[in-house]
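Scrolling down, you'll hit the structures one after another.
Same chain, two partners: chain A is paired with chain B first, then with chain C.
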Partner chain A sequence: HISPSERYFLEQGVVVGVRADGRGRMGYRPFSLETGLMPVANGSARLRIGTTDILVGVKAELAEVDPERPNQGKIVCSVECCPSASPEFEGRGAEYLNAELAQALERILSPPTSLDLTHLCVTPGEKCWIIYVDALVLDSGGNLFDALSIASRAALHDTRIPKIKMVTNEKGQVEIDLSDDPDQFLRLDVGPVPVLVTLTHIGGFHVVDATMAEEQCMHARVTVGVNKAGALCAINKGGVGGIAAGTIDQMLKACVPIGLDILSKMDTLLLKEEQTQPDK
Partner chain B sequence: MDKYRASGPEGTVRPIMKVPRPLPSSEGARPSGRGMDQFRHMFLKTGVITQASGSAYVEMERTKVICGVYGPRLAAQKHQSFEKAVLTCDYKYATFARKGKRAGYIPDQNEKDVSMTLVQALESSIFLDKFPKNVIELYVLVMQDDGGAVGAAITCASLALASAGIEMVDLVSACSASQIGKQIIVDPDVDEERNQTGGVTVARMSSLGQVTHVMQTGMMDLRATSQALELCVDGCDKIYHLMRKALIE
Partner chain C sequence: FVCSNMSRVEYLTPEGYRLDGRKATELRRIKSRLGVFSRADGSAYIEQGNTKVIVAVYGPREAAIRSKSKHDHAVINVEFTQAPFATGDRKKKGKSDRRTIEDSLLIKQTFESVVLTSLYPRSQIDLYIQILQSDGSVLAASINAATLALIDAGIPMRDMLCACTAGVLNGTPVLDINYIEQNAGGPELPVAVLPHSGGVVLLEMNSRVPLDLFERLSKLACDGAKAVYNLLQSE
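Then we have the complex of A and B:
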């Protein structure tokens, strides 16, 4: 928690355009991204931005298809803000925050916004892969929405699902036939997956990539999902202040170039990792 | 496990009813016969729960939402707040409210997220600093969801707060719009919501001209989003007038 003088200092910094760490209002902290850290999981990624540290693990399991969508797999997201990350997250303190973050991730990862889940169908009408995206917030330094979306997208890119076929054996039972080649994997195309960009409204201006202290001074925030084509999805306003409708329009327009920039930085990092470690 | 009900034998599957759902055609006719920018008829009533400090019931044809407000009353230790009141909300779908599977009793992620949404949408409309050390509890129950439940819940909760006599800056009204193909339609019902490419829900304080909540799902380009936002803002203003009438009567 911050004192009223510190709040005033941060607000005035935003008004003048120089934030506490020297960034301008639209300045994004540099981030580091690693994938494939956990061989037990189907996919994993770790993102560090400022003091925020996010770890995402992806697990795939076989499940029955949803009768309303018989040709598609499923994706389930969960977020846990570890109690070790902040004293506010102890016990059930983070319950509602976890739900809000997980819902935001589900909105950007579920169809129609992004992943093509038809690739995850094993037997149409019967079996499909269900992807569990589990994110852990190991340390919180602000801007959790954006960090979680970047880390989840990287973890899904890293995900490798074994190629299987359901075959009926001589006794009439259905068995899983695993492909003989250990390098044969099903990968997910994360090209169309959006990332979230949060604009925090402080002192009458909006800033991107707010730190924990800046989030304490916020009047309201708007989180927007931006994909490679510059389309918007999963807009969500948070915070208890009200904003004029015209300001919302401005914030939406400002998010698009930031989102495109993050996506291109991310894709460059992921490509470099792929090239330096081709077989994991 | 539900101990109070005898469930059917294991291995039962609910019947899948393949009823063709008519969709808005490309010329723009909605299956319900409504126009693109036509809202459903709305019924608003306050004072429906006698035991609550304030309550309201909102019905938009087949979407039915009821809200009870309890408070301002003294906060328990956990709600520690000395300068202003704490607003909490418990949003829940009745188990029979939605099409498809019966919902459970334990709040799932979606219900918790909407509870937070309601608090964020309504907090700025109440003079919370008039009630230090108090808690105002909202309990919203969606009895039937035929589309637009979150918007109806925000409207209902705001009406309930007003009927409880809690001092407010302004009433908050909310509505939603969907994009299907290239058409933007207001106040979608549940079939239109399921087939949308994108949808927007907006909550607004009309006298102040401030938006207290925006949520968008699906894919929409900037132009479509701006258009949908404008339509929702107009819709919110219309609903605001209905809310005022319901309170005066």
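Then we have the complex of A and C:
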């Protein structure tokens, strides 16, 4: 995809600290976030960063509780890289990538350290809400892990689940009683949900928010989940190259301020969205 | 679970209004945008009411599988997928779902007759269709979006291909049916036409309909498709 001279150019840029688009090594591209685009879904969000375009839809359905966790709801994530992003994703081309991305999302969204799913339980020991987070990668410009985590967090924040009660009617059958007030919804608290920050190791240095071309030159990458408290929630190393243990330490430390910055930018954007569209 | 008895839904009131307030032959509002993706050679986004479809076109490019290429014209390859959150119930449709394959084949054959494929021997043109939200007339919306995407990609076609779906509600032929009307159980007739020549390229129906009603239906659908063409032209 990229020529050896292009690769050399990008690597040297990273060494000097000036990347191809003018950013410094720790520079993050500005991103735009919109929520509530899909009225049919319970929640949705669209994230655009560079040319990466992610659409996440959240749907809630009733299901039987997990016997090992009878007082909680459930969450299932899936990612689909669409062929519109690259013809390589046609048919089963993106199968492994989809699985890897979905796993990364489930890692940071699963309870108990992230989302609190206890108020998604409808009848303890019987029925609960199951949240399906379905992400579509419509266009790719690099940095899919981070983008997916930001978009999913925003979509979960946007999610509105109807308030229901299970009642037994005169015939002894169990019915769903929908709350009469259309403005009464269950919302999810995404405060403790982390975002993923990926550091890509190129030319002996690490950069954040890599573009597609930069990802082609990468030696290895470390993806870290960072939450509001500045704690590390998930760590995943990818790429075929090896990284010295000391370097990994530095990379982990570098991720924290970036993660906190993204979270605060996200929360500001989400708050502004909430204020400009009070009812849906 | 026990659902309370739903009263018989009046799909078309005596005054002639449908569930969403439209008249029988009224189309939903169409919004479209070209060039929405950075890497695709052509792309388009279309909204017909609440149905949202996005199409990306790659090509003409060298055929990926040599055995599938033709020596004298280009091959059109269609992948038709629906997002899991597109409908009221979440449905994760696999890519080898039979209905999906059938729809892909239908769209492929439709465009192979319109695109000037003889100009690009031994190559392939990829059409990737993604349904983001489904509210009826999905096949028609996909064809409209695909036409726009092909135009955005600069691929020559004999004519613009425009499509529309007709149905029957309470005995009256109606145009551009939505999801609820689709599930009312009446016949559903998607039609794609070439606006300038008036030729019908695609016509498909899976229900039983008396012949005279069918004639009215197909004429209505063709008129609807021409109206879609006028709307798209003006954008």
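Just so it is clear, the second predicted complex is superposed on the first by the 280 of 280 C-alpha atoms of A that agree within 3 Å, B and C clash if a C-alpha of one lies under 4 Å from a C-alpha of the other, contacts with A are read in each partner's own complex, and residues count from 1 in each chain.
Quick note on the criterion: a contact is a pair of C-beta atoms (placed from the backbone, for glycine too) under 8 Å apart; a residue touches a chain by one contact, two chains touch by 3 or more.
All figures in this text were calculated on a predicted structure; none of them were measured in a lab.
After superposition on chain A, the partners chain B and chain C are accommodated together without colliding. Of the two partner chains placed by superposition, A:T123 touches none, neither chain B nor chain C. By the touch criterion defined above, A:C82 lies against chain C but remains apart from chain B after alignment on the C-alpha atoms of chain A.
Once chain A of one complex is fitted onto chain A of the other, the partner contacts of A:Q216 are absent, as it touches neither chain B nor chain C. When the two complexes are overlaid on their common chain A, residue A:E68 makes contact with chain B while staying clear of chain C. Legend: residue contacts after superposition of the two complexes on their common chain; A:Y132 is shown touching chain C, with no touch to chain B.
Remark: in the superposition on chain A the angle formed at chain A by the CA centres of chain B and chain C amounts to 110 degrees, rounded in steps of 10. Contacts of A:Q250 after superposition on the shared chain: neither chain B nor chain C is touched.
In the superposed model, A:I235 makes contact with chain B only, not with chain C.
For the pair chain B and chain C, the model built by superposing on chain A gives 11 Å as the shortest CA-CA distance.
Residues 78 of chain A are contacted both by chain B in one complex and by chain C in the other.
Against chain B, in their complex, chain A makes its touches with residues 67-68, 78, 95-96, 99-100, 102-103, 106-107, 112-113, 222, 227, 230-245, 248-249, 252-253, 256.
On the chain B side of its complex with chain A, the touching residues are 16, 100, 109-110, 112-113, 115-116, 119-120, 123-125, 197-198, 200, 204-205, 208-222, 225-226, 229-230, 233. Considering their complex, residues 1-2, 37-40, 43, 50, 52, 54-56, 58, 64, 77, 79, 81, 83-90, 92, 95, 126, 128, 130, 132-135 of chain C touch chain A. By the touch criterion stated above, chain A contacts chain C in their complex at residues 38-41, 44, 51, 53, 55, 57-59, 61, 78, 80, 82-87, 90-92, 132, 134, 136, 138-141, 169, 171, 173-176.
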